[in-house]
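Presented sequentially are two complexes of subunit A, the first with subunit B as partner and the second with subunit C.
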Partner chain A sequence: MSDETTDAPGPVTMLATPIGLDFDFTPGIAQSKFLRGLEQGKFLGQRCPVCGKVYVPSRGSCPTDGVPTTEDVELSNVGTVTTYCVVNVPFAGQSIEIPYICAQILLDGANLSFMGLLQEIPTDQIRMGMRVEAVWVEPDQLTPSLASVRYFRPVDEPDADYETYKEYL
Partner chain B sequence: MPESEALHAEHHLEYPYSRSVGPVIGAFLTGLRDGKLFGVTGAGGTVIVPPTEYDPTTGDDTGEMVEVGPGGVVESWAWVSHPLRKHPLQTPFAWALIRLDGADTAMLHVVDAGGPDKLATGDRVTVKYRPASERIGAMADIEAFVPEGGAGA
Partner chain C sequence: MSAAARTPRPVSIASFAQMQNVRKDDEHNEVEMLMPVIAEVFGNIGITKDDVDFICSGSTDYLIGGPFSFVMALDAVGVWPPRSESHVEMDGAWALYEAWVLLQEGEIDAALVYSFGRSSLGDLNEILSLQLDPYYLAPMWPDTVSLAALQARALIDAGKATEADFAAIAARSRKDALSNPKAQVANDIPAETLLEDEYVVSPLRRHALPPITDGAAAIVLAAGDKARQWSDKPVWITGFDHRIETHSLGARDLTSSPSTTRAAEVAGLADGPVDVAEIHAPYAHQEIIIREALGLDETVPINPSGGPLAANPLMSAGLIRIGEAAASIKSGKAKRAVAHATSGPCLQQNLVCVLEGE
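Coming up: the complex of A and B.
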């Protein structure tokens, strides 16, 4: 078919068939507050007026009481590892060198944990109850995104008592 | 609360699949890259375009690749007045079933006719390839079919 030229490329054997979706996303008003807090280098949550629990990030309502969470609360930069996973498996699109630790972190003052990357600790030394702090990007790099938090790292404190986080596993 | 309090972002989610095309469709796509259209012979000497590995009526292996086109006949068509972002043309066009010269089956592609009043079933059209430097071995190597003897849109 292409014998006219000697440097012709070989036969076609593969076809790129990407499936893509472009969409506009809005996180809503409550999570926008959380994201804008990240842009200022702090964790913002909301408290339920009925049960008093503090959610971070807040969805704007309390899932237990079904009422809007209207009180904004600034959380600590320090929290507790409630549980974790050491990731050893490579996968497509992986952006972090393995092995790494993916931890659920309960910030001081919060009643909801969220997932964070844990670094500056060997993977065999991670444990439940470990006290950690957020490491932020440089101030001029802060954006309304969780990418503003580079990772969490251990702080020099005794581990939290299991009783303090057993409700959040 | 005013909606402006809520953030807004554009997201793009994509699965970058690729697939192997096999010897028959591979030969067809290689032909497109080289600026040629190929079909394959099936049962009773019919010519199937785009080519398949098996004859759709008998299930037997298909035979030799044969060159078809570059002209053909519009068997059926539907006008797209408002092309979507991912459509092959960004100006109004027709999706059309085109039976290429030498073929017994019709192939789906687009006709850049200029307007729905300038296209009719039975019209002759001819292939318009992208420049050779842009062709990669894909259906989009054909930019469009255009009315035979006309300039197109």
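Coming up: the complex of A and C.
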């Protein structure tokens, strides 16, 4: 910072030291299966041999029992909105036009919900318990990434009973 | 020092396990790395996660490049029903210290301590420079090997060591590692041959540097009845302390380690003979500094496991020293042993753990 009255440099009062690091990411055996599933247009999870819960994506262990999840399970393309948020606030790097709906979705057969974008529905009509399905990108566009799922959209089914998803809020 | 400080509640190293140390594990995630280690550390003594009252881990998000990785790692244990759990952004040796302190209070009798770190995911020279003070040093991104080389040069200039000494330590460590199946680098190359290596950063040649290692380790601590239940001949922690020096490298005498000396005093190291020492000196020259700071004479064997020159899994290499020292006692090779762990640049922070058998 320079002194405003002379050309001589003034005392340093602030220092910006930008930091950036690059890392490899290692998804591991279980999460690699999930990602490879996305590449094939399907959701793959794993079941705990002790409690029977199905995790999607699985990180290779049951966080309750601490044992390896070894049984692979293919899950439905359809699930239930357990809870949601309508995003109205613009922020840097936003890639989707506001307002949009961010929903927690519990796929049929899964015991773990994950976050997904919900579209093809006005934001004032979203509700807990709504039944939704994944809309995938074109087959030649599929990659081992959640970008393979364009978004979720409502299906023409009655809403799920609260009792069926109250454990997953 | 009060007498009480030297007569802590007896706590035993009931079990120890470590992952096969490798240059890069690109197959498993952190949970998958840890699960077999946790299973082994429990399986060694026939217990389950329900038998420990407290869990403490040591790791750093800087190695993984993601926040709260220690929370995700708990999936490897399965913390249900909920129980008391903690984490240190430090080597697992400090996680062990926290668990030991809690055991001193007498309310719990057993704890699981684990640590994990993958050094292979980023550029270690850059990552480790971020542990420096953020105003004067870190903005210059000094790489960790160069800082170690400054220390080695200071040691030579002080007349305390020669490059041949560094080579001798590296040759001995990696030869000893031939009998350690978990070691990453093990070979039998004479020191004279090693001295033909090129410098990485003068005066450090490649052999004086630790390998880059992915790894994980775990220890079960036990006190009271559980210590006897889980072992016929428990290995006891009889002294334990850690100390830190200023983060300003220019304000330190890099050729000595007063924090190690002080920790050894509080841990009562000089109260008896030492049969073996496991020293966490990642760079060959640092073993000379720590040996002197601990007051160990030339007759005390150092790092029969090969030490960090044979495998240096960041965040675990210190915990492994304690596990290896305990193993030396358990196998009958030693009656009293000392384990040392370090953290920070150029041996900034040091921990001393004294172990005794019966």
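Note that in this section the second predicted complex is superposed on the first by the 150 of 169 C-alpha atoms of A that agree within 3 Å, B and C clash if a C-alpha of one lies under 4 Å from a C-alpha of the other, contacts with A are read in each partner's own complex, and residues count from 1 in each chain.
Here, a residue touches a chain if its C-beta (ideal position, glycine included) is under 8 Å from a C-beta of that chain, and two chains touch if they have at least 3 such contacts.
Every value quoted in this text rests on a predicted model; they were computed, and no experiment measured them.
Enquirer: Touch check for A:Pro90: first (subunit B), second (subunit C), both, or neither?
Expert: Touch partners of A:Pro90: none, neither subunit B nor subunit C.
Enquirer: Thinking of the overlay built on chain A, is A:Thr13 touched by subunit B (first), by subunit C (second), by both, or by neither?
Expert: So A:Thr13 only meets subunit B here.
Enquirer: Contacts for A:Pro63 in the overlay, against subunit B (first) and subunit C (second): which applies, first, second, both or neither?
Expert: Only subunit C is touched by A:Pro63; subunit B is not.
Enquirer: Go through the superposed model and pick first if A:Leu35 touches only subunit B, second if only subunit C, both, or neither.
Expert: first
Enquirer: Check whether A:Phe23 is in contact with subunit B, with subunit C, with both or with neither, and answer first, second, both or neither.
Expert: Touch status of A:Phe23: both partners.
Enquirer: Once chain A of both complexes is superposed, is A:Pro144 in touch with subunit B (first), subunit C (second), both, or neither?
Expert: first
Enquirer: Please report the subunit A residues shared by its interface with subunit B and its interface with subunit C.
Expert: Touching subunit B in the first complex and subunit C in the second, residues 15, 17, 19, 21-29, 31 of subunit A appear in both lists.
Enquirer: Subunit A touches which residues of subunit B in the complex?
Expert: So the residues of subunit B touching subunit A come out as 1, 5-21, 26-27, 29-31, 33-34, 36, 137-138.
Enquirer: Mind pulling up the subunit A residues that touch subunit C in the complex?
Expert: 15, 17, 19, 21-31, 59-68
Enquirer: Can you list the subunit A residues touching subunit B in their complex?
Expert: 1-2, 8-9, 11-29, 31-33, 35-36, 144
Enquirer: Using the touch rule from the top, collect the residues of subunit C that touch subunit A in their complex.
Expert: 25-32, 35, 38, 49, 62, 64-66, 72, 74-80, 118, 120-123, 126-127, 130, 134-135, 138-139
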